[in-house]
Amino acid sequence: MAITLVEMLDYAGVATFAASGALMAAERRQDVVTFVFFAAITGVGGGTLRDLLIGAPVFWVTNPGYAIVCASVGVAIFASRGRGLPKRALLWLDAAGLCVYAVVGAAKAQAWGINPVIAVVMGVLTATFGGVIRDVLAGEPSVLLRRELYVTPAIASASIFVLLAALHAPVVWASGAGVALGFAVRAGAIAAGWRLPVFTPKK
Amino acid sequence: MAITLVEMLDYAGVATFAASGALMAAERRQDVVTFVFFAAITGVGGGTLRDLLIGAPVFWVTNPGYAIVCASVGVAIFASRGRGLPKRALLWLDAAGLCVYAVVGAAKAQAWGINPVIAVVMGVLTATFGGVIRDVLAGEPSVLLRRELYVTPAIASASIFVLLAALHAPVVWASGAGVALGFAVRAGAIAAGWRLPVFTPKK
Amino acid sequence: MAITLVEMLDYAGVATFAASGALMAAERRQDVVTFVFFAAITGVGGGTLRDLLIGAPVFWVTNPGYAIVCASVGVAIFASRGRGLPKRALLWLDAAGLCVYAVVGAAKAQAWGINPVIAVVMGVLTATFGGVIRDVLAGEPSVLLRRELYVTPAIASASIFVLLAALHAPVVWASGAGVALGFAVRAGAIAAGWRLPVFTPKK
């Protein structure tokens, strides 16, 4: 059951990030191959980094299902010609992928015996690096520098999950609470402009 | 014989990509150390990613020959002061490296027991990531976004190779056909402007 | 003793690079989370690449001490509001981290049985990639292209260390000589504008 939930969340995270990558290709009026390439890189980039770092076999290499999901998302968004993709879809899909992936990444790290502090780091990297790679390859200013809460919601999701798991909460509750809290923080950032104070050098 | 051919193609791919990296350094009027650095990163970047992803020991780490080839290419192009390097050389060297590497990457993945779908992906990553990293480090718009056929020829080369290998074609024929087809597609893109249709949002 | 010295240098390298990452965040007036993120990525980026390439467990994944050092450096620099951080601090901290890391990286590679040529390469990658990733994520022109001696001091540090180690010099002397020589080269580049001749195409 736990495994199955993590797998489901994993596919959901891959698909939402893949969509965010494909939408970046759509903004740039690219061809279908570039749609699929950006969908795949954004979809599996964060999880790939996590697996390399924790020494796990890279999840999509032994299971072609993930590559097929990414390719399908890329082709579907290309073929849709933008129907039903309002401009802000990129932002909200990215937010959903962010929180789901933060929990999935932390859960997988813990399943591989990684200590709780680094499990949170792995959740954050899993969640943020697909988008970071997407921005770098697209030549966009990295989402890291936009002064929005972006890494913070990922930290919230992964921390809550690791904390509740340490308290022996059922994995479905720990996952749900982690995703919900992180998403609330990210939603506040997107919809209400929530921010953290920025660095102000002393005169 | 099969091993030897793959090794020869591997060195050829490293050398051609190394040259393309060194030519990027030449465009920017860099010093010889930067020539060698860009030659090395472009030369081995794609294969390095492939090896990390499939869990193989990274090919150039245990065999200093590849680093020496990259350094030699970098020094030679620096010392040549541009003789015999017409402006389009970068483009055609990159095209050759692309198709050779796509086949080499797919072949190595299959030798490590990777399934055919992901072996094609590995061929494509092996072929394209050296150039992608070169562009990112040079601050160039990524070749991925140039609306040219670039990833597509790599897909063609790797797919043909994997398909013919599955049909038990001799490795030399499968490799040759893969490289030739991919190179033809890339040559069409460079010389005749071949393209795929791009995304056109509905009004 | 050897192990302990390498560990001490390792923490020193992580902390100095983390500071250089946090100072980049300070220049961009970011929030504390971005300070920590840039401190961490710059602090451990090069060593992470080294460990992945040589097939070692990634050093900070099994030991949360490094992540805690990076987070502390990021928070401390954020909280300091720039007191005691003259503008050139970024440059000199980066120089110190560069040479320390070049030696640490080469030493670890040799401890993992990597041949001397590639051990030098590993030293250089360990030393330079944290800064390269920092620049790429910050959207800065990569330090690689600034026509300054940057990779060269890392090569000097790693080569001297590997050479003296091969001559059975005590590790503390080999390390010290490597760091000192590389730092002298980098200091010459920063303070006196030392350069290598650049590529000049023939008319």
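Note that the chains take the letters A, B and C in the order they are written out, and that residue 1 is the start of every chain.
Just so we're on the same page, a residue touches a chain if its C-beta (ideal position, glycine included) is under 8 Å from a C-beta of that chain, and two chains touch if they have at least 3 such contacts.
Please read all numbers here as calculations on a predicted model, not as lab measurements.
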Angle, in degrees to the nearest 5, of the Cα rotation that carries chain A onto chain C: 120
Type of chain A:chain B copy interface by residue overlap (half), same or different: different
Whole-Å gap between the CA centroids of chain A and chain B: 29
Sequence positions of chain C contacting 2 or more other chains: 52, 136
Residues on chain C engaged by chain A in the complex (per definition of touch): 25-26, 28-35, 37-38, 40, 48, 52, 57-58, 60-62, 64, 67-68, 78, 81-83, 136-139
Touch list for chain A against partner chain C, complex: 52-55, 114-115, 117-118, 121, 132, 136, 141-142, 144-145, 147, 149, 151-152, 155, 195-202
